[in-house]
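The following pair of complexes shares a single chain, chain A, combined with chain B in the former and chain C in the latter.
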Partner chain A sequence: MTEQETTQSPDAGKASTAGKLTGGKLCIPAVGAIGALVPAIILAAVGNYGLTRFMFAYIIAFAFFLSISLGALFFVCIQHISRAAWSVTSRRVAEVLAMTMPVMAIAFLPIAANVWLGGGDVYPWAASHAHHAPAQGEEHADTTHTTDDHAPAADHAEPATGHASLTARDEYAPDEKKAAHAADTASVVHAAPAQEVVVDESHTEPAVTLDGHRHIPGVIDPHTEEIYTAKKAAYLNVPFFIARWVIYFAVWIGLSFTFWKKSVEQDTTGDVQLTRFMERLSPLAIVLFAVTVTYATFDLIMSLSPAWFSTIFGVYYFAGCMLSIFAVLILVLSFLRNKGIIDKDTVSKEHLHDHGKFLFGFVVFWAYIAFSQYMLIWYASLPETTFWFVARGATTVSADFNSWSIVSIAMIFCNFFIPFIGLMSRHIKRTNATLQFWAVWLLVFHWVDLWWLIMPEMSVSLKVGLVEILTMVGLGGLFVAGAVWVGSLNAIVPQKDPRMTESLAFKNM
Partner chain B sequence: MVLGMPTKKPDAPSKVVALIAEFDSVDAILAAAEKVRDAGYTKWDTHSPFPVHGIDDAMGIKPTILPWLVLGGGITGLLGGLGLAWYANVFEYPFLTSGKPEFSLPANIPVIFETTVLLSAFGAVFGMLGLNRLPWHYNPLFKKKSFSRVTNDRFVVVIEAADPIFDTQRTTDLLNSLSPICVEEVED
Partner chain C sequence: MTTLTSDNAHNPVADGEKVLGPNDNAYQDPTHRAPLVVGKHNFTTITETVTDLNLRKTPRAWYIAFAISNCLLLMFLYCIYELITKGVGVWGNNNPVAWGFPIVNFVFWVGIGHAGTLISAILFLFRQNWRTSINRFAEAMTIFAVCCAGAFPALHVGRPWLAYWLFPIPNQMGMWPQFRSPLLWDVFAVNTYATVSLLFWYVGMIPDLATLRDRCKNKIGQFLYGLFSLGWTGSSRHWHRYEKAYLLLAALATPLVLSVHSVVSFDFATSQLPGWHTTIFPPYFVAGAVFGGFAMVVTLAVPARQWFGLKDFITMRHLENMNKIILATGMIVSYAYITEFFTAWYSGHHFEQFVFLNRPFGPYSWAFFTMVFCNVCAPQLFWFKKCRTSIPVMMFVAMCVNVGMWFERFVIVTTSLHRDFLPSSWDMFVPTKIDIMMFIGSFGLFFTLFLLFCRFLPMVAMAEVKNVTPQAHAHHDHDEHHEGGQH
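This part shows the complex of A and B:
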């Protein structure tokens, strides 16, 4: 592009018609909302699970708002790497949302404190007594169970043909013959008996807390979990966990700040070299982003169940990040347009239509990743991976359905089929009210998705209530206050961007 | 709108099948398209070297039915894939794999997904060809000098003689009033 050869682009003088946020007004109620965390803590403390309940609710809320910040950072990166013009008028909002990263770093402190002091009530690997086996767990480790009240006898008449069974539970079914076989197998591999995965069968019985451990009955017994945890101790330990999060936030804050700072600098100078710089930075930023987000997801969510592993898990959370940022961008941009802070021609129906297309695309992407993860684990049917889905009732074995099954099934429809059909039409994406409806819908079910990922690690029954809502309000207050404050420092639409004219003229064919 | 397939008889005198007007800018073609649209023509088209923003509105083009063809293809692929999976795994050749039920949906979703995508794509490609009445081996427009630069730097409006309100004289006058570079008659 020849226009970029000049230091000052010809479009530089063309200021977009954008106002500034008046931060003060919104900041105060937002900061006040942080107070909602106090009743959340009190409510949780008097409940069955005590402060552990609050921490789980807090991690859900933290993962929710972090996904917006991360999505915003990635959005900015892909606009620069692709030298996109259409998105220039929306880009500042994303830069500001990414700049909530320091706030998220502060919001991480309670989680760090819990890991440091909590003795593993939330993250089992953080228990100081990592090698201590609970008494009941030891019993489980050496015996194969001989009672099974749930499965009909017919189930066990079949395995003579040698089918692999659908779930871990059936694999260790207490048919006399199978028990004998299991014992044989155990003696054959006696050199490493500790590695044998033993799956507790009492999972339809009420939740039992063993020796201060969270225990998801029947999914994976605490002893097995401890063996896996011990094997992963080189990675899953408190100092390294804290060190990793310091690195993650250093990377995320560094990148968010750089992109925001350079973009803001261009508002006054109109220097095209700043755009060039960000285009060169973005590939590196994307690589750093991919690595940090993958490991951060492992640490924040997957390690709640330290025995479990899924390499696609980081991508799964990334899909949620992108869903939430496009939903949030649609809502924020619509809000700013309605308030007259952004001119309706600056961010036009055409731009919102494109955000809607991305939203639609990432609905499909999320489903693709979610299904890929599920299908591989379901098909291989290895007990050391299936238990995680069994805990969520996401199984095709009716005997393993639990109270989370309804959520798992609802998510197939509410996170995919319904918004997929709902967002398909061009007219819906080009109509403000319907587009915003689906943005809200997907944000709600993005939260449900995170709730479904995190909460089953605490409780086999559905746990949702005021604690979760108040925690969302509290952390949301912090997030909004941070975003509004950063947003009010500068114009809310980039000024003098070399691609501004092109962006203003953008039209869908 | 495109020209109807010409039916050429060897000895018949060539007759005017369309009028072509050549323009040299996007603004001119947009203004011209609006005038032609407002004059009530239906069988006419514009040609340009690149997509012109706003030409759909200027020409008053109605939304295409292509998305519905794609949807139809997709639903056919979905049901076809589902039926194929059921037919093969349950009806025709039931075979126990990995202890899974004979008809287990998760294992079949990749197949169903692929057939859905395949037939959606077929719907898009063949639907587009059908709606445009392509492929076409002959078009009298290619004989005209005014049309030769349409892939380079010129824009043209073509009004077909098949249009109900087409009248060689009046249509020529209309096109001339749009200040084109030139107006030509297109013979078969």
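This part shows the complex of A and C:
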């Protein structure tokens, strides 16, 4: 249509009462907070696990803030693709949060460095495989090695046969299939009898042992993990990993920047074509988003345990992204309203109510995905995948309980049942204080969720303390500084969006 | 409806704007909401157009269509007779492929139903007002599809007259169903789904049934419409309660959209069989169900709007929106295919890998590539607006998806089973005549019910459509500019 449509109604003027963030004030403490990473590193370095502990804490914090950025990007895409009007007044905040992507790219550098230096202390596949990957022919020899090294394995004969037939696995010899499958399960299984389940601290001490390989006793036999890691070397290798992350960030930064830039451009021009452009871009953006987020999740979190796999895993992290973005939007919008930076009629109770509904929706969605993943693996009970849950104590075999069990059980309630009931009422979603309470609650437990996904790969005992908190503060400082800086460049509410009047007039019921 | 809030925001109408043609509402102008009802309609003409379909003399074409579907239905009944008198041996199910056509057809039909629930529940909660023109017959489709779906497992139990044993009924033998079996969860999931869908459909229809009662001329019609409209008078108290009930049912039906097909996917995914046991199955099946369901809605809506003269209500915009959903869910399904293949390789387990190589390169590769073409390739046409708004293209894609989604279930069931762990037990699955006749016959059941619905019940939710017309939210200053409701 023509430029004439950009004529604003008198109502649209209301939006421009929305102020700008005054960046400087908030930026300085945020940048200062980055300093918290220093004591985190020192504290970790003097602890049992050394810098490995710091890296795990760092990956949790990175996954946490990345989930907010990714959620924000997806939120923006969805608003455009659905031609939503209700969310117009909140959209700029999401655009700004998505624009923290370059900061997240910088924050990724320590992880890239860790992988590049090839310690294998965090990502076992990153250890230089020349020494460990058993060549096909050597597996028999390795079998004896394994049986000797691991007393539990000596108790049953299956592992030996297991490795024997593992040599044949790649030939796809049909007649050996059944035998090989039985062997698969036997070889991956953690030591079955109860007395061999290792929970106590003494066994957890050697976090990095066995030729520099990280190893959690009693959960997956490190030899098996090596075999499976070697099979994936075409995907799980250092150069390809780095290359993938370059692509992910190129996609994410490109998309976030485009959406932000075009939206900001509309503030001055009011060009309706920009809305149409973003509407056309968003489906493509979602396709790119889906692919990159899935593989990024596999890379960042799933490959911490390289033998393990779950097809739903990308969706699981995506559910967390959506949960966190709605929680963050609620908190940020409420903060800006309270400070008078956003007019209380511009983002009204009605808009917050809708954010609350989505928050509630994604609590259920997260639970649905988490349940699907857990229930299916638990029900089929194939050792090749259950070991991952055993490491988290998420099992119904009481002998396999470990210190993570309490977290696994708590998550059922704290990530689902309690907020599900808490957020159900319309009244709660329309009351600022209660809505913010649940947003904070869910962010905390989103962190717990990530901690539960990542930390058990380092230790069977619960590891949480100052290192994790300081890392969160440090990376949080970086994230907030980035967001505040971008946010202070332009008005924090879109100015001449063609659907602004509709958004301002929006009411539930 | 209480949630049509966007209507409160009357858009600024600049002088000299391009006025949209009366039938062109697929064009998107961000400054305006396109009309959802085109043509010159007011409350009276909406009522007349919709009720006339029920109150006029039965057209001959209806009898012809009804006769054809009845023939198919008879074929279905004949197959059931064969099955019951001779046993399940009349099917092609064999030892490795113990789940052949019956389970494929079951999943196919349950999936079809999902579009109806999505339109009526989820789109309602998302304030997608365009749903009002299509929700009624999509919901009807849901219920009839569930009827067809239910027939297959009920017959597959072997002694269908004992099918009630599936329910946990206390009995003197102390026999209980196996609560650990996902098949039993299915019984509960599908029954809940059927019940809630039926209630939702019926509750939504009450005001329209009352309209029919008031306009019906013959005694039987007056009595029956009167009976089922539950004494509806259209008082504001009635409307108040009605809208509350509708919102609550929508909220209850929303998780059902996800749960039913998730439980159906559990039938496969809880097993230890490569190709079945994978964690993405629940959301993937749900997306697939919505995908197949919307294809069926388009398949039915395109001829229906033509034959019943509903083009003003089921507009090009409605069809385009549905095509977008087909594209979106098709992409989710493609995503699941890709993730499955990648993970099969990534798992490092050669049974997984074998199954996923056996699909494209094994003896059922023709089925696999049919599925890929229909589900992955064909919907890509919908990236282009020209294709989304072209009737022949959308019919082609919708038919592809209908076929493709049936083949998807066939591929999942058959290719995973026919070559299991033990090569000595490998066998091919070949459907028998009864298998094929029964599947075709189930369409007879579906269309018979659907034609009865078209003849006797209001096909378009009149009360809801009226709510999205501008007359329902009259702004007395500048009404002439608005042709229809807003979306």
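The definition used in the following text is that the second predicted complex is superposed on the first by the 412 of 509 C-alpha atoms of A that agree within 3 Å, B and C clash if a C-alpha of one lies under 4 Å from a C-alpha of the other, contacts with A are read in each partner's own complex, and residues count from 1 in each chain.
Simple rule for what comes next: a contact is a pair of C-beta atoms (placed from the backbone, for glycine too) under 8 Å apart; a residue touches a chain by one contact, two chains touch by 3 or more.
Keep in mind the model is a prediction, meaning the values are calculated, not measured.
**Q** Among the partners chain B and chain C, which is in contact with a greater number of residues of chain A?
**A** Of chain B and chain C, C contacts more residues of chain A.
**Q** On the A-aligned overlay, A:T396 touches which partner chain: chain B = first, chain C = second, or both, or neither?
**A** first
**Q** After superposition on the shared chain, which partner residues are touched by A:K507: those of chain B (first), chain C (second), both, or neither?
**A** Touch partners of A:K507: chain B and chain C.
**Q** Please indicate which partner A:L336 is in contact with in the superposed arrangement: first for chain B, second for chain C, both, or neither.
**A** neither
**Q** Tell me which partner A:Y379 touches in the superposition: chain B (first), chain C (second), both or neither.
**A** Once the two structures are laid over each other on A, A:Y379 reaches both partners.
**Q** Of the partners chain B and chain C, which touch A:A63 in the superposed model: first, second, both, neither?
**A** Neither chain B nor chain C is touched by A:A63.
**Q** Just to be sure I read the superposition right, which of the two partners does A:S310 touch: chain B = first, chain C = second, or both, or neither?
**A** second
**Q** Applying the document's definition of touch, where does A:L475 land relative to chain B and chain C: first, second, both, or neither?
**A** Neither partner.
**Q** Should A:R83 be classified as contacting the first partner (chain B), the second (chain C), both, or neither?
**A** Once the two structures are laid over each other on A, A:R83 reaches chain C alone.
**Q** Please indicate which partner A:L97 is in contact with in the superposed arrangement: first for chain B, second for chain C, both, or neither.
**A** After superposition on chain A, A:L97 lies in contact with neither partner.
**Q** Please report the chain A residues shared by its interface with chain B and its interface with chain C.
**A** 375, 379, 381, 505, 507, 509
**Q** For chain B, which residues are in contact with chain A within the complex?
**A** Residues 51, 53-54, 56, 67, 96, 98-101, 104, 106-107, 109-110 of chain B touch chain A in their complex.
**Q** Please name which positions on chain A make contact with chain C in the complex.
**A** 1-2, 4-5, 7-9, 82-83, 85-86, 169-170, 172, 174-175, 177-178, 180-181, 184, 227-228, 231-232, 235, 272, 275-276, 279, 283, 287, 290-291, 294, 298, 307, 309-315, 364, 368-369, 372-373, 375-377, 379-382, 384, 498-499, 501-509
**Q** Provide the residue numbers of chain C that touch chain A in the complex, in ascending order.
**A** Residues in contact with chain A: 2-3, 5-6, 8-9, 11-12, 14, 16-18, 28-31, 33, 126, 255, 258, 262, 266, 269-272, 277-283, 327-328, 331, 335-336, 339-340, 343, 346-351, 354, 383, 421-423.
**Q** Within their complex, state which residues of chain A touch chain B.
**A** Residues of chain A touching chain B: 161, 163-166, 371, 374-375, 378-379, 381, 396, 426, 505, 507, 509.
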